[in-house]
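After this come two complexes, each holding chain A, first together with chain B and then together with chain C.
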Partner chain A sequence: MSVKYIPVQWNLNKWMYDACMLAGVAAFLWVFIKVAPGLLSHERPISSQIHNARAFGACAFLMLSIILAIGPLAKLDSRFMPLLYNRRHFGVITAFVATAHATYVINWYFNFSAVPKFEAMLSSNTNFGQLLGFPFEAFGIFALLCLLILAATSHDFWLKFLTAPVWKRLHYLIYPAYIAVVAHISFGILQDQQSLFLPVFFIVTAFAVALLHVWAYMAERKTGDPLATADGDWMRICQADEIEEGRARIALLPDGKRVAVFKHEGKLSAISNACAHQNGPLGEGRIIDCLVTCPWHGFQYRVTDGQSPAPFTEKIPTYNLRVQDGAVLVDPHANPPGTHVDPVEVA
Partner chain B sequence: MADNKDKPFFVGYLTAPDGLRSFLIGVGIGLVLLMAGVGLGIGATQDDPGNGAFRNDYGRQTVTGVMELTPYPVVRVTQGSEHVPEGHTLMLSAGGKQSLMNRVRDLDGELVTVSGTILDRG
Partner chain C sequence: MMAAGLVIFAEYWLMVGAVVALIFLTIGIDRIDEDARGAYIFRPLLVPGVLLIWPLVLWRWYALETGRADETKRYKAVRGAHGFVAIGMAIAIGVIIATGLSIKQTWPDHIAPERLSEAGQ
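This part shows the complex of A and B:
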């Protein structure tokens, strides 16, 4: 949360996160570039430009796979939720690593000719009509452009400027980018690979990422938020005594939006489940220091009016609520963001 | 989603709760080890690029043959040398990626004499 834009709002956890990530990248590149050549029994060494291109390319694939695994892991086991916290930094560094891979490739394979290197990259293979020898570079270019767009728009300025729903949809580009990377590798280096390690690692990793997403989707369907049931013009959420102090129950409303009913100091309040920052699930958060705290990035709101405490300016919609015969009923028509609603005493 | 009421709650700008700290340290260490391990695995199992090399020990070779430009410039040797027998097909190369075509463009089908260093592809 911030009242003004700064490049990075550093804190201890972000330092730790970035330190681990950069240590991982440094370890990968150091081992690949400095240690591995000594273990190869080749008569002649691999050209350093090719070796470096492979190192950065493989590193980018692994990083992208890890990034994509974080989301479903966090859904399956909330202990992984902190890995979401600074995932954008992971993505930005991945874009840098992928750019380094592309730079080595372009400056080696497409350089040293009368044709400018970028023109050579786009024109040297145009066999788009055949599978064998397909210009796999096109997949890599597409993936890199996606990663650069995501990195360039990763800052909260763009999140606010584009609005959270648009920004999130834009950042779903990570999925086509990953599919393009898989195709880039499949039609590229795997076509001429004799060693088994890379193909096995690549296939296992790509399948693991896909499987995690399917697994998390199935788990979400199985234990997902219940649909609120109609009770006249109101929607029935749950029994009031089912809500624990400082926690919420989430329900899906007929318009597809989710409402989170919190209990704070023995009284109930209903707010939108979508955080104004990145649409994080507020109902999975907790009340800390009298404020609903988002589990994704810690944005906070007063439970009675959906407003962030001054000097912050974020607002979310609230809902009118009543308790009838022990059941929590919510008016499905949301109030404008920031509207105060008196909390309801649990009878 | 699954009820996580009994699990520690992480807020990015606050100190990580005790129940989560050791898990996150383990994940961090695991990440570094995983990346180092994968780097080693892929890096140390790269295919052999072969033993291609300039055969400077042969010295400069001069042969005569018929030039063919399609699909790539080659010479069908009709009169060989010490290390290039008659009947051999020599694939030609030159500095850079374009200079060879510039030099042989007009020689398709011609009887030519070429001279240079043998580059063994391995």
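This part shows the complex of A and C:
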């Protein structure tokens, strides 16, 4: 949360997160390049450029896999939630590592071509009509382009400017990017590997990412947010006594938006479930210091008017609410962001 | 020919993006985002993004300037595609890896070469 934009919002947690990540990247590259060439079938003489390209490529693949695993892991087990906190820095570093991989490859294989190196890269293999010898470089170029777009639009300005839903849709590019990376490896280095280590590492990692996503989706389907049921012009959310103090119940409204009904100091308030920052699920968070706190990045809002405390300026819609025969009913028409609604006493 | 065309296209795309970045980051951003007013150090960080997605920047700038942006959509989280993405990605990964393994060529490089005829014959 910030009032004016700054280049990077650092804090101690982010420093620690980034330090661990960079140490991991350095350790991976060191092991790949210095310690384990035998494991990787590099006992055959190859140039240091190729060795470095493979090291950075493998590192980028692993980093991208971890980034993609964090989301489903956090859905399946909230203990992984802290990994979500600074995932965008992880993505930016991944884009740098992938760019280093591409730079090594282009400078080694295409630098002294008869035509400019980027043109040489695009024209060196055009066998798009066959699987064997398919130009796997095209997958790599596509994936790198996606990663660069994601990294370049990671600043909070883009979230506010594009709106979180458009930003999210843009950042869905990570999925085709990962599929392209899998194809880049499958039709590229996998075809050349004689040792078992790298193919097994690649296949196990890729299938783990796929499995985690399917698992998290199935779990979400089973325990997902319930549909609010119509009760005249109002929508029935749950029974008032089902809501724990400091927590919320979430329900899906007919317009596709989600409402979160919080209980604070024994009274109920309804706000949008979507955080103004990245549309994180506010209803899965809790009230800390009298403020609803987003579980993703810690953005905070007053439960009665959906506004962040001064000097912050974020605000979210609120909903009118009433309790009837112990049931919580919500007006499905959201109030404009920041509208105060008196909290309702639980009868 | 095709490759040269793609490189030229990329160059023009980035050149137009540079012009958009120059105008947007010096004039436009102050008009459409109050949090950017008086904040300058972060702006160079936005240049790569504008270079890459300048049509989206222009569309959004236009929508905000003209009041056509539907701000209520800001609070409708994008969650409907999760299932499609999860299942689709898992299938794609499986198919691609299976295809890659099925076309993999092997050769007996672990077998020592065997001389089939005597030297000099």
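Convention: the second predicted complex is superposed on the first by the 338 of 347 C-alpha atoms of A that agree within 3 Å, B and C clash if a C-alpha of one lies under 4 Å from a C-alpha of the other, contacts with A are read in each partner's own complex, and residues count from 1 in each chain.
The rule we apply is simple: a residue touches a chain if its C-beta (ideal position, glycine included) is under 8 Å from a C-beta of that chain, and two chains touch if they have at least 3 such contacts.
Note that the structure is predicted; figures quoted are calculated from it, not measured.
*Asks:* Under the superposition described at the top, does placing chain B and chain C together on chain A give a clash or a fit?
*Replies:* Once both complexes are aligned on chain A, chain B and chain C fit side by side.
*Asks:* For A:Phe157, is the partner it touches chain B (first), chain C (second), both, or none of the two (neither)?
*Replies:* Once the two structures are laid over each other on A, A:Phe157 reaches chain C alone.
*Asks:* Once chain A of both complexes is superposed, is A:Leu132 in touch with chain B (first), chain C (second), both, or neither?
*Replies:* second
*Asks:* Tell me which partner A:Ala27 touches in the superposition: chain B (first), chain C (second), both or neither.
*Replies:* First partner only, chain B.
*Asks:* Return, as a multiple of 10 degrees, the angle whose vertex is the Cα centre of chain A and whose sides reach the Cα centres of chain B and chain C.
*Replies:* So the C-alpha centres give an angle of 50 degrees.
*Asks:* Does the superposition put A:Leu62 against chain B (first), chain C (second), both, or neither?
*Replies:* A:Leu62 contacts chain B only, not chain C.
*Asks:* In the superposed arrangement, does A:Leu211 touch chain B (first), chain C (second), both or neither?
*Replies:* second
*Asks:* With the two complexes superposed on chain A, say which partner A:Gly298 touches: chain B (first), chain C (second), both, or neither.
*Replies:* first
*Asks:* According to the stated criteria, A:Trp15 is in contact with first (chain B), second (chain C), both, or neither; which is it?
*Replies:* neither
*Asks:* Least CA distance chain B-chain C after superposition, rounded to whole Å?
*Replies:* It comes out at 9 Å between the closest C-alpha atoms.
*Asks:* So which bits of chain A does chain B touch that chain C touches too?
*Replies:* Residues 115, 194, 220, 281 of chain A touch both chain B and chain C.
*Asks:* In the complex, go through chain C and note every residue touching chain A.
*Replies:* Contact set of chain C toward chain A: 2-4, 6-7, 10, 32-39, 41-42, 45-46, 48-49, 51-53, 56-57, 60, 69, 71-78, 80-83, 85-90, 92-94, 96-97, 99-101, 103-105, 109-110.
*Asks:* Looking at the complex, which residues from chain B come into contact with chain A?
*Replies:* 1-2, 4-5, 7-16, 20, 23-24, 27-29, 31-36, 38-53, 96-98, 122
*Asks:* Contact residues on chain A for chain B in the complex?
*Replies:* Touching chain B from chain A are residues 9, 11-14, 16, 20-21, 23-25, 27-33, 35-37, 39-47, 50-51, 54-55, 58-59, 62, 66, 75, 78-83, 85-86, 112-115, 192-198, 201, 219-220, 223-225, 244, 247, 281, 284-286, 288, 293, 295, 297-298.
*Asks:* Show which residues of chain A lie in contact with chain C when the two form their complex.
*Replies:* 2-7, 72, 115-116, 118-123, 126, 131-132, 148-149, 151-153, 155, 157-158, 160-166, 168-170, 172, 175, 178-179, 182-183, 185-187, 190-191, 194, 203, 206-207, 209-211, 213-214, 216-217, 220-221, 255-258, 272-274, 276, 279, 281, 313, 316-317, 334, 337
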